[in-house]
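Both complexes below contain subunit A, partnered by subunit B and then by subunit C.
Now for the complex of A and B:
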């Protein structure tokens, strides 16, 4: 089901994808049967693969699966450690060695006392599901942690610019900051893909008594010299610190760099992916060109190439700091901070 | 101020007021003037009565009179502005011709309160609301028009050719500094040919001031472009050089001919030279990126593909709200060129293997900055970062002795309404401000009538209507942006590109780095 929804882009936006993936995993784990934990891990990995193939550019899906796998491995590691006091599977990288060792501690109890084993499975199941529940909690409350930093980063009467009006995190961040500070927000339109979202975003901000100015995407350079900070809502962040976000953001970030304006990227922990972006062009999804030119203008449609990329890859050197719900970090080694979650 | 004040006081006042409606009916539906004129007269009459003491001083001394007229004029303008704002406010209340809701009624009441108060405090408030704080020094389209209506007594001097031209400028059907300049000079030709020197003056003395009125009126549509400014300066100089002995007809013919040669020399021939120079940068198989629509560049691409038979690809980057690049794309595709069309927020992904970036210019400032359609700076910056050469093609008539360091200090504000619609892919030509005001005032009267009807009719109906209006609001989130004190739209026309992003400027006097613009300017002035 989720697979199909992802393929059809019925779910989009990393937040919803993350939640859906969690729920799917809960269902799978509660229904799954396994004899040993390796089977379970294998099952989930398979599931992960199909999901990732369904929408290779929705990285949160893979991230969630990786985190659930990490939870399972952690659990297995702890329980087996308690029983045998021998170090077991700690990560994917030591899979080979674990397979060899595994037969000895787990295989013998099966014939002797199946009931105990069953109990253990049951325990594991509930522990894992609890783990996923915690994860869901974390995802749905992700903005709280980020919001808390807003006061440290915005001063009074500052002019901020955000090129990602579709980001919920940015919205909450700004709304929170408004409680303590008075500032102006410039919102780019993100024409043609997210203009209406941008406009309602601006409306929402202005309703919260934040001075909001909507600017077309072309005005970025003209106003950048007056902007204090640029806030980017990330779609996903890679291990090298590179970020995928809405189209146009890369130009904004570049422009900000040129003007020495600080850029910060806000992202929930679930958006941080441990993979590396080797093929940048492949990350960018291309959208409906009918949004760029009406199909009624047949002459142009026939003879011209029309491009409408949906996303942009922002190289890590254009982003000064990353704000997540747990850490604030800088770009050279972001992966160090979040490797332990996977 | 005092110059303007005198004609109102003068005995011709009545005649100007009479002639005005006539000239309007001929040319343009300027609704505001007939409205404001009677008002002005009213206030002229009423003011001295209310301030008896001051009116006495006015009678006694001439200087006192001047001061008072100034005051009056200020007050008059204030009232006019107030009226306009009020009308505007009211118009935003109703999305279309739909009838009114209860909220509307409250608004009206408030407004009536405002009008009766008519004090300065009320006046200032909407001013802050409507403008982006950073850009509040720039004049909006409405303000420009408000100014024009205060100079209403000038209107009957304006030639019909100028009136049509002004409306064309205002609706952006003539855009780009060169086309605007050409259109203006052509219009001036007809103005000059139909010009009659009034008795008692000579052509050399009167024609400049007469043209001045035309230019003032042109300014109400959009600010003068640098090319237009340069051309006007040249034309005025030419007029002043005519000796008094030449007959009017000879002088007029002479001027018209001079305008023709000016157009030919400064635009047509220089374009040819520029194209010749710039063609060296287009080779077979090259990929060229351009932004918006520039006349020279269009000619350059067509020349290279048709005459020089080169095979190359043009990437046209476009932006909201004018979509000028679309025009260029249409022109090029219909001539068989390979075109890629994209919007400005996709630049980083389309910049791969671009060979050269060609940009048009609105003006070259004397500190080497390129002043061009907003967005050009972003393109130039991304190109520079990728080590792609940025070439600017521009005629030397576009050189300006102005100095500007950023895009904020001096700019032209576009129409904010253009950005309210989030799906529009074409820039639609809109009615002028005067026409809008007319429609608004018409709507107002309709509403008042419907209000009275509504009050009589049942409440159910009004509820339905309220629903209707809310539905319409949902369509575009920014539809009523002026109502919200914290919401603003910024739409500027130009931005300034720093000289470090520009590799060279190709002009008819040769290709040069942007830093040598002042050198050319100096020589141009000396000659």
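Now for the complex of A and C:
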């Protein structure tokens, strides 16, 4: 179901995809039958594969699956640890340590007493489902964590610029900061895909008595010298710190770099992906070119190539701080820091 | 205690010579294992002392001991950790000695693992710049060939060892079009190159690498031309070392030896150099694709857990 929805893009936006994936996993796990945990993990992995193939650019889906797998593995570890399992040693060590003989005699008992496991199945199921519930809680309350930091990060009378008016997180971030601070926000117009969203974003900000200015995308460099901070809502963040966001953001980040303006990337933890962006060009989706120039202008459309990329990849060196609901990272941070969630 | 005299250095060199597929750290581990096999220490403190002294001799007697010391340190750490882990000394020793061969296979496995990770970096029509000869880089490129990716490679000749010629020959045998250039031509070709792959003799804690001389300048050029610079290395080459400049590498090469005599390029031309982490885009290792800062994290995990 979700598979088809993803393919048809009936759900898009990482937030909804994340929630839907959680719901689906919950249903799968409550219906699934398994004799040992390896089977369960295998089942979920398969499911993950189909979902990721359905929409390879929707990374949150894979992230959620990985986190649920991590929950399961954690649980399995805890239960088997009582049966005297040596804790995993550092991965670098594995060159030497995987042949620790001790492991050999321990491995067999796990499959030989499936009966004990059988009784545990029920337990495990409810524990996993509880884990997913917590995850859903975390995702739906993600903005609270990020909001809380906004007052510390925004100064009075500061000029901010955001090139991603479609991000709910950025909106809430700014609204929360307004409760204590007075500042100006510049919003880029985001032609052609998100212009109307940009307008309603600006409206919402000005309703909250924030000084708001909508500027054309081409104006970013000119105003950058006066901007104090750039706030970017991320679609996904990769292991190297590279970020995928709406089209136009990469240019804004480049301008910010030129003026040494700090760039904040705001993202929920579920958007942080442990994968590495091998092929940057393939991350970017191309949308309807009719939005750039109307098809009725056939004279031009016939003779020119018109493209409308929907996303941008921002290299890690263009982002200064990553703000998530749990931590604030600075740029050359090790991926291992968040790898523990997966 | 065994009566046989055992020369750790010659054993190390023998291992390297016998199997061209083996890396220096693995050869070091192998020779330490052989040492234990021959000497048969009877208590754990004796075992530790023996390993320690052999490690020291080995590090001192081999001129370029960086990646070798990574292997020794790894083994030492393993010994120390396991003597704590096992209550029973005999089983610990048996395990160390018996699995010598396994280490070797594992290290080869890890190279294949790297190749599988790294081949994803290579796409059709790429032009890749490779410096000197590295088994891991070769395995990676070979893996890409097997995946039917069409790419071309520019190989530097890598003076003074001319190891680039070996690399070029091996790649051509696999059907990869190769252009062998002199080291000084890197600046000329850098704008035509899509990415740069280099191996490493050792990876320092900062994420910088110690490698065949010339790597540093390629890193600087790559940075200024905005080309991705990837290091391909096994994780057993991570060394606990924090060099800040090329001078901090513990070798006896001295580039400040001047003479007015007519002299050929000799011992005073450096053989290895240090490339700081800021020039490295990512490290492709058997632990996955790491940012340079993740190296220290891995080392900390191993030494301070």
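Assume the second predicted complex is superposed on the first by the 305 of 342 C-alpha atoms of A that agree within 3 Å, B and C clash if a C-alpha of one lies under 4 Å from a C-alpha of the other, contacts with A are read in each partner's own complex, and residues count from 1 in each chain.
The definition used in the following text is that a residue touches a chain if its C-beta (ideal position, glycine included) is under 8 Å from a C-beta of that chain, and two chains touch if they have at least 3 such contacts.
Source: prediction; values computed, not measured.
Between subunit B and subunit C, B touches the greater number of residues of subunit A. In the superposition on chain A, contact is made by A:241 with subunit C only, not with subunit B. In the superposition on chain A, contact of A:199 is made with subunit B only, not with subunit C. Contacts of A:304 after superposition: subunit B is touched, whereas subunit C is not reached.
Of the two partner chains placed around the shared chain by superposition, neither subunit B nor subunit C is touched by A:137.
In the superposition on chain A, A:214 contacts subunit B only, with no contact to subunit C.
Within the superposed three-chain model, A:276 lies in touch with subunit C and out of touch with subunit B [touch as defined at top].
Applying the stated contact rule after C-alpha superposition, one finds that A:223 touches subunit B and leaves subunit C untouched.
Contacts from subunit B toward subunit A in the complex involve residues 132-134, 316, 319-321, 326, 329-330, 333-334, 338-350, 352, 373-375, 377-378, 381-382, 385, 406-408, 411, 419, 422-423, 425-426, 476-478, 481, 484, 486-492, 495-497. In the complex of the two chains, the subunit A residues touching subunit C come out as 86, 89-101, 239-241, 276, 278-279, 332-337. Put simply, subunit C touches subunit A in their complex at residues 29, 74-75, 78, 81-82, 85, 91, 95, 99, 102-103, 106-107, 110, 120-121, 123, 235-236, 238, 281-282, 287-294, 296-299, 301-302, 305. Of all the residues in subunit A, the ones that touch subunit B in their complex are 159, 184, 186, 188-192, 195-196, 198-200, 202-203, 205-207, 209-223, 225-226, 246-248, 250-251, 254-255, 258, 281, 284, 291-294, 297, 299-300, 302-309, 312-313.
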